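Heads up, the next two complexes both have subunit A, just with different partners, subunit B and then subunit C.
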Partner chain A sequence: MSAVDNPRAPYVRQKTTRSNYELYGWVFMRASGAVLLVLIFGHLFINLMTGEGVHSIDFAFVAGKWATPFWKVWDLLMLWLAMIHGTNGLRTIINDYASKDRTRLVLKGLLYLAFTVVVVLGTLVIFTFDPCPAGAAADLLPSFCPAP
Partner chain B sequence: MTAVAEAPAAVGAVKSFTVTIKIRRFNPEVSPDPTWQEFQVEAHATDRVLDALHKIKWEQDGSLTFRRSCAHGVCGSDAMRINGRNRLACKTLLKDVNPDKPITVEPIKALPVLKDLVVDMEPFFASYREIMPFLITSGNEPTRERLQSAEERARFDDTTKCILCAACTSSCPVFWTDGQYFGPAAIVNAHRFIFDSRDEGGQQRLDILNDKEGVWRCRTTFNCTEACPRGIQVTKAIAEVKQAMIRRAF
Partner chain C sequence: MPDRPGGTLYRGREGMWSWVAQRVTGVLIFFFLLVHVLDTAVINVSPEAYNAIIGTYRHWIMGLGEAGLVAAVVIHAFNGVRLILVDFWAKGAKYQRVMLYIALALFVVVMAGFLPRHLMNTFGGH
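Let's turn to the complex of A and B:
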């Protein structure tokens, strides 16, 4: 193997793709970035700076937050935007740095799989969350749960 | 008469020194692998890298191969990677690239090397041709020149300076990956027509550069702006083309 790249590497331009896909991707990255700044720092402020700070976070705290549609929508937006933003960013990085088509395909496959698992699981948790599971100790549950 | 007598002394006053030039040689007829070769050259402080390459070719090794035409920074033939940066050999003084250490000279990256410092420019020109670098108009030819105000001309003045030396495109890390990206030079030359008030092919050019391999692959690393020997604000031009596309889409 030589110390430097093969100087006779072939050049072929592949097929042209003239859609607005990359344009919307570019705009989305900037828009979602700005929205995520608000969502994430709002999330951190409410969870860590108000009340007793980090010590107040337990099951009851999360259950109390998700009892209101406002925080459900906030967290859902945060999950989706962060996941699409991050996945699109990694997709770009893979496109830029993976020089072999197979490496690119495998890395992107893994990326999209991870994306799907996290988004589906996260969305499911937010929508099917039960704040008062049966048989749990009463002192761990939020105050609005009926006494067992 | 006295001026003539003094002239030799003035030339002798220019400091001379020995500089080591380390060149990446490649000859497919001899070996499929490139090698590094060092040359010692006696040079003056006023000499350029191109002068050192000439001295090597003319006095030491006639097989050294490189392109140069005008040798004054206008034709764009002698773009090469000098000490890891793309520059024109004819515009780079030896004293500015630290002659105390060996000066490395390589062909520009990501284009196929033909021999020594000569690369195949065809992929670069193929992208250039794709953006249709000519005036597109409709209707009858005017009987006189197509008029344009000074402000309208100033709009794209910066991008008219391009000499197609490929220093920008071959300095772009996105272009290095797979060579599919149109590259800064093609976008700069599209910019020159997109923002020309006399041209009517702007929409077609925007369509072409809206490609997956078009302006959206630019990561604004500014390598192209730093490499441009003409001082064109390349990254800014690319951003202006992006902006034109976004305005058109929304």
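Let's turn to the complex of A and C:
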């Protein structure tokens, strides 16, 4: 392909892509961003600014949070929205910088693989979490666990 | 895909730099999140294993990393709100530069509230 179009070439209409995918992506980036602001600021505040901050976080701390459906839903929403928002953002960046078809294909393949693994794993972790695992040292467990 | 010269030297003003910052911080947060979901997943291995993993977050080097991460999240979020307003608010485009400085001012305020407490938790006697 020559570097610039022939200046005398008649205008040729681009074939439409027949989908509004990019428009929905654009709207989603903004809607999810607004929700993520609340979810992530809340997450960071509770985990870093209450009690002794990072020094308060351990198994019992998380068990206490995930004992309530409230924080489970909070974390689940945060996981899904952040991963879709971030993956869509990276897709745009790959489209911008990887100009070879093959490179783009490989990078996007890796991106979607990472997305699937992380979302599935993170979702399973929330749903299969057991705050009082049998056989664990009692002093590591939250206080509401029945005495062994 | 376009396969032609893209190399005009475009040096925009604040608008371009805030766009670069939005990219860089977005990518950074994304890669943190990949690792973060993996470290959180260790919670289903055993309490001991999770405490060992999350215990590394208490090291002061990690503490500085966390401060950087929070800074990236806050700047990305506030500039994100600015972008939303530019697109959806009728006067958004007109005030885009003013809003960038408001976002930066809010960033400074939030970090001034966050940093002392976080650094005390990180470096305070434990």
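Keep this in mind: the second predicted complex is superposed on the first by the 132 of 148 C-alpha atoms of A that agree within 3 Å, B and C clash if a C-alpha of one lies under 4 Å from a C-alpha of the other, contacts with A are read in each partner's own complex, and residues count from 1 in each chain.
Simple rule for what comes next: a contact is a pair of C-beta atoms (placed from the backbone, for glycine too) under 8 Å apart; a residue touches a chain by one contact, two chains touch by 3 or more.
If you're wondering where the values come from, they're calculated on a predicted model, not measured in any experiment.
K.L.:
Which holds for A:Leu141: it touches subunit B only (first), subunit C only (second), both, or neither?
P.N.:
second
K.L.:
If we overlay the two complexes on their shared chain A, which of subunit B and subunit C does A:Leu90 touch? Say first, second, both or neither.
P.N.:
In the superposition, A:Leu90 touches subunit C alone.
K.L.:
Taking the superposition on A as described, I'd like to know which of subunit B and subunit C A:Ile57 touches: first, second, both or neither.
P.N.:
The second partner, subunit C, only.
K.L.:
With both complexes superposed on chain A, which partner does A:Gly109 reach: first (subunit B), second (subunit C), both or neither?
P.N.:
A:Gly109 contacts neither subunit B nor subunit C.
K.L.:
First (subunit B), second (subunit C), both or neither: which does A:Gly42 touch?
P.N.:
neither
K.L.:
By residue count, which of the two partners contacts subunit A more extensively, subunit B or subunit C?
P.N.:
Counted on subunit A, the partner with more touching residues turns out to be C.
K.L.:
Where does A:Asn20 make contact in the superposed view: on subunit B (first), on subunit C (second), on both, or on neither?
P.N.:
So A:Asn20 only meets subunit B here.
K.L.:
Intersection of subunit A residues contacting subunit B with those contacting subunit C?
P.N.:
4, 95, 99
K.L.:
Mind pulling up the subunit C residues that touch subunit A in the complex?
P.N.:
Going by the criterion above, the answer is residues 1-5, 23, 26-27, 29-30, 33-34, 37-38, 40-41, 43-44, 46-48, 50-51, 54-55, 57-58, 63, 66, 70, 73, 77, 80-81, 83-84, 87-88, 114, 117-118, 121-122, 126.
K.L.:
Quick check on the complex: what are the subunit B residues that touch subunit A?
P.N.:
Listed in rising order, the residues are 24, 26, 28, 32-34, 107, 111-113, 120, 122-123, 126-127, 173-174, 177-180, 207-208, 210-214, 216-217, 219, 242, 245-246, 249.
K.L.:
Could you list, by residue number, the parts of subunit A that touch subunit C in their complex?
P.N.:
1, 3-4, 30, 33-34, 36-37, 40-41, 44, 48-49, 52-55, 57-60, 62, 79, 82-83, 86-87, 89-90, 93, 95, 99, 101, 104, 114, 118, 121-122, 125, 128-130, 133, 136-137, 140-141
K.L.:
Which of the residues in subunit A come into contact with subunit B in the complex?
P.N.:
Per the touch definition, subunit A meets subunit B at residues 2, 4, 7-11, 13-14, 16-27, 95-97, 99.
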